[in-house]
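Next, two complexes with chain A in common: one pairs it with chain B, the other with chain C.
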Partner chain A sequence: MSEINQYTARDIPERLSSPFKRVVSSWEALLLLVAILIFFINTQATPYFLDWWNLSDATFNFTEKAFIAFAMALLVISGEIDLSVAAIIALVSTAMGFAVQLGYDTPALVAIALVVGLACGAINGLLVTGLGLPSIVVTIGTMSLFRGISYIILGDQSYKDYPESFLFFGQGYVWSTVTFELLLFVIFAIVYYVLLHRTNFGRAVYVIGNNPTAAVFSGLRVERIKFLLFLLTGIMSAIAAICLTSRLGSTRPSIGLGLELEIITMVVLGGVNILGGSGTIPGVALAAIVMGMLIFGFGLLNVPGIVMSIFIGLLLIGVIALPKIASNLKNYYLERKA
Partner chain B sequence: MQASSKTSLASEQNQKSQLSNNNNNLTPVMSMKGITKTFPGVTALSEISLDLYPRQVTALVGENGAGKSTVVKILTGIYQPTAGSLSIHGQDIKFPTPHDASEAGVTAIHQETVLFDDLSVAENIFIGHAPKTSRGLIDWKTMNAEAEKLLQTIGANIDPNLKLKDLGIANKHMVAISRALSIDASVVIMDEPTAALSHKEIEELYDLVDKLKADGKAILFISHKFDEIFRIADRYTVFRDGEMVDEGHLKDITENDLVEKMVGRSVDQIFPTREPSIGAEILSVVNYCHPTEFSNINFKLHKGEILGFYGLVGAGRSEFMQSLFGITKPASGEVFIEGNPATIRNPAQAIEKGIVYVSEDRGKQGVVTTLPIFQNVSLPSLQHISKRGFLQIAEEFSLAREFTRRLDLRAASLDQHVGDLSGGNQQKVVIAKWLATQPLVIILDEPTKGIDIGSKTVVHEFMAELAAGGLAVIMVSSEIPEILGMTDRTIVMREGLIVNEFGRDEMSPEKLVRAAAGIKEST
Partner chain C sequence: MSILKKTLVKRLLLTTAVSAALMMNAAQAENKRIALVVKGLGIGFFEAAVKGAEEAAKEIGDVEIIYTGPTDTTAEGQIEVINSLIAQKVDAIAISANDKDAVVPALKKAMKRGITVISWDSGVAIEGRQFHLNPSSNPLIGNMIIKLAADDLPEGGDVAILSAGATSTNQNTWIAEMNKVKDHYPNINIVSTVYGDDLSDKSYREAQGLMKSHPNLKAIISPTSVGIVAAAQAVTDAGKVGEINVTGLGLPSEMAGHIASGASKSFAIWNPIDLGYAATTIAYNLATGATAEAGGSIAMGRMGEVEVNDDLEGAMADPFIYNSSNIDDFKYIF
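Let's look at the complex of A and B:
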């Protein structure tokens, strides 16, 4: 890059583009536009869409996945990945179901869920940071391991009989048509926004994702931060497991099967670079809403699940290819000009 | 400056005409004519010419950064010259890819061999031109037999079926040389081939070079070790700052003259005049050892002092500095900061105790090129300018503003990505980020490597200013003018050991080069 437009040391401005311009030209702005578009198409496509209760139901399509996606976003930005999240859901749910059989009540179930989630995250984190193994391999392994344990414990059985108070997490409303899960989604969006964009920890995550060597040479404890991110992902998987189990009212070993790919789709759609280094929480939150509304709209239109997954696959590839195609086109025109 | 360069040009021309008289009976196998190679902001080679003759070993001599490795890369097709031409047997030729160079009979044996660890010895020798069976498959039998024959001609007793990674470095060289013979190269380039070899292995290598010579090959030999240059080379070419300053026959020159030509006097660099005021002892390193990289490092550093570390690449200077900064663990030894014993297990502890390290590998270890300037500057200071772990963006900007201003950073905005800046300005960002932590000791590892002359001057002036302000500065440098111009005291390291120490008044380029290369003092 040439250093045109240089200023003398005395007056280097802080930023060149105005905050407004940056927001308007961002990926998040594009996502917001897409969300509005899908909302509009849905309202035209089916009269049932614009109904408060239907809309409230629609939020379940993304809330639980989004909890994990927030933590996953941080992990992916730091240059790692966790493919075992859906398996953690199964193991956590199985542990809760097992505890129900032993007669434990809701507070104990939540505690058990968090401990199991934390333990799963710690196993992933230790294997990746302690032994220096690649996270994609480690978590493919623990994905089979965690769900395998659920299958061993449950076989073709299922746990039911969750206490009445436990069902609030996935079925309760806090106000009018606002579900508990939706409230949690908003709270987590804010918490993760602050964590990633407003704290030293969040800055460290970006630095590690952009240049792990320079991070070490700048005094960051890279391994410790990555370990914490795996713990965080484990806890968020546990919280998602609580909500999902509560909503379904039962535990089967196949619970949440394949969810990890939808979560990673959500993260990438939200503008997080799959190779690490960039991405935002507002982007991920918007991507969650877009995906939720798409699935809901398809559902209302009676589109079969298999077509839905084809569409989501195309969406993911399109999202990754789009910036590349755009820059290729740009180069092509610049070359023709020259 | 102009006067001196003119006289040196004149003397060059004299020598050239003498040379052509001597070589009337020989035509070069390969010639470089007027080769220039520029990178953005840097001229690595400027209009150099180099002839390689059959049955002759030409030694390429020069300091680090003189352009030797650029020559190798151009000869082997890795780099394309910006201007000038190459010719083989008098015919102009171009090497768009390394493959073309090897087709034309140019092969290189590098300091670290670039072969394939997981392939067998025979495969390494014949990769790209393996003997084939009638069905187009690799003829393993012939290949192994040929490989064995080649290895035996150079006196190497290696099983061609072994995997390369199971061989020692000396045997890897043997494989590389066999490869050179197998493609029937007419030009063999050896880039510091003895750097990692033992005494006995070096002797064997000399014999091999003699064999290659007898075979009629033209050999380009790059080395920092003068004894071996005089032992095996016939001709020499001296490079300095990307220019060819002299060439001739080794029998016509003494070691001292060669050293002098190599170091020269960089007239275009002006160093700040300093009145060093050296204060109390701030850092003391006692018996610092590492299992492989360095041992028995002892020295003291004072407030306001600039201490130089000179040596050849691989002398263990950077490894030692990184260990002092907590990146690698030493095996034994103690560090005292202001008289108190200090344990440094990681960079975070080093920074906390006031030791910071400006790395040689700026792009990889120094800056995060894909993040803005202000975030790079504030990175190691975040703990101090944040409130309970929450970022204070305004504070970050003012910190970045303060320290980049002191270094006269040139940038479009503080929000600009560091990767968009020139090398010199990137280095200013790195130095700014470390100064912002208010250290006691700053270690600068090759602080002006690969940056433009203007930025060099800024960095030098700033270094002087820091020392004047009471900071203790360690400067690792392979550039002699920089060592002479900047340091109050210089420690010379060779093969992981401190071999000498010179005060400001005792230093001379010749003394430094001799100590670093292990040449005995001549009378």
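Let's look at the complex of A and C:
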């Protein structure tokens, strides 16, 4: 008996654990604890950490990535992925730089960015939902395509001379040490929280990720919802591109190189199941803050970049492996007991 | 769940605590802290530059060098590094930039908060730094490549040039500068200039062609690291080692074999150790009262003084000459 059901059967508890207990034992609570811990250790390890301006500078380490991570979280929960986001940043930034040369001003630049981001998202979405291709393959392809176009247009040149008003997005402060990007981060966190956890659309995303077939038979327009999610990721990449370009004040085709991996790390660290079906926005937001503070703390201690990469790599593997190891251990323990 | 939680927390605690303990002693002392920001960690050229920086720090005394840079050679990575240096309130930043424009806003912020900023090796746009140190200058390089050929040809003779592309800006500038000073070397007779387009095989064939069409050829000058290696190989394969000397600009790691075989008696390129040394002393001097003004000059220790031009740039020195006496020290560096 025990051989058959050990891995498939789930105990049905006699009652649900109390809401309080669920919150305390959640992944988000753990992340919050880790965030507080890192904050505390940073304050002890370096005298420079607890300074409003420094903390404000530190937020740039995660804000732009987090914008994309929110949309990516929805995409991953629905069972898809988009590896082309950093390449979309490059293409959007190049398009804006090109428009600057033609004399367009800030509002037009933002509009162009959003249109290009939408177009990129639409290409990904059409290839995945229209032709039924696997998103990981499609977006590896478009990753080279989008960045390739930037390289063709720019070569080893760069665009600069962005209008003064454009620089507000990445370098501006809304109040005291609160940057515009930090404000955007808070706004997007709320918007995506509502979208995923408080709307029918959000419920549908979970259903599709858990069981696409069941979703189809429940009358959900699976392909359309997935297409919308790709569009959303494209737009968020465009917004990140606006902020990043504004912060750098220039565009090169190598802009944002490799960001997609950091974004996916953020999403997975936030507790989103890489195979789809589960995950939360508060988790992703906390993961963004944890990663940002970790990188900034290491930076203050002048830890070499490679050590940071190793640590973040280990963190990612650990986070994916731990639940698996824990459940294996639990099964082993139960088997011994039985 | 609780097992999982405990383990993760324990891991994080441990790792962070260990790194914290390791780094505790970094934040102390009243030394001038000079950050040497490089394009990427783990690049031999920059590791050598740090040796020079450490040498300068030892010589000056109250200087602490922070050697840092991103793992990947991106501008975004360098900006994160710059932000953390601003937060640490270092005294000076000396940067070899991955992108001359993208780091400008971050460096401007650094200067606004009272940090001395210079660039070296790979420059930053003028609004983002106080001074830029070039390893050398076009006139110095132009003079050096013909001098190298002349030094090994006391009795003079025919010399040919193997350049990169016909439209390569750097090489054309250096050759033009060389032509300006060639009257100082009356024995040297420049017979031809050919282009190998910085491709190994094409450069090799062009070098073969030079040897055929100029039987009295005594030296080939190649002011490009691809061409010089190809020319040395062509001379070796033609069995003309000792007859024809190959010289110009090259990398010690790629040229070590040809120096050993005698196909090339000497060549030149900047010395990264001197560069790191000079960048550090200049950063120190600017942080302690010296100013970089057009027409002025800044002291750089054993390297003498650097003159500041109208773009607030300066050239450190002649390219450094590599030959059989020092190649072994540098061939593992870059």
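Here is the rule we use: the second predicted complex is superposed on the first by the 323 of 338 C-alpha atoms of A that agree within 3 Å, B and C clash if a C-alpha of one lies under 4 Å from a C-alpha of the other, contacts with A are read in each partner's own complex, and residues count from 1 in each chain.
To be clear about the criterion, a residue touches a chain if its C-beta (ideal position, glycine included) is under 8 Å from a C-beta of that chain, and two chains touch if they have at least 3 such contacts.
This is a predicted model, so every value here is computed, not measured.
> Name the contact category of A:G277: first (chain B only), second (chain C only), both, or neither.
The first partner, chain B, only.
> Counting residues of chain A touched by each partner, does chain B or chain C come out ahead?
C
> On the A-aligned overlay, A:L30 touches which partner chain: chain B = first, chain C = second, or both, or neither?
Second partner only.
> For A:F217, is the partner it touches chain B (first), chain C (second), both, or none of the two (neither)?
So A:F217 only meets chain B here.
> For A:K21, select first, second, both or neither according to whether it touches chain B, chain C, the two together, or no partner.
neither
> Considering only the touch criterion stated at the top, classify A:G258 as touching first (chain B), second (chain C), both, or neither.
The second partner, chain C, only.
> Contact-wise, after the overlay, does A:T199 reach chain B, chain C, both or neither (first, second, both, neither)?
first
> Could you say whether A:I295 touches chain B, chain C, both of them, or neither, answering first, second, both or neither?
second
> Touching chain A in the complex: which residues of chain C?
1-5, 7-9, 11-13, 15-17, 19-20, 23-24, 26-27, 41-42, 66, 68-72, 74-77, 79-81, 83-84, 86-89, 99, 101-102, 104-105
> Give the list of chain A residues in touch with chain B in this complex.
1, 3-10, 12-16, 194, 198-203, 206-207, 210-211, 213-221, 277-278
> If we count contacts the way the header does, which residues on chain B are in touch with chain A in the complex?
It comes out as residues 325, 327, 346-348, 350-351, 357, 359, 364-371, 374-375, 379-380, 382-383, 386, 389-391, 397, 401, 404-405, 407-416, 419-422, 425, 433.
> Within their complex, state which residues of chain A touch chain C.
It comes out as residues 25, 30, 33-34, 37-38, 41, 44-49, 51, 53-54, 57-58, 60-61, 158, 160, 167, 170-171, 244, 247-250, 252, 254-259, 295-309, 311, 318-319, 322-323, 326, 329-330.
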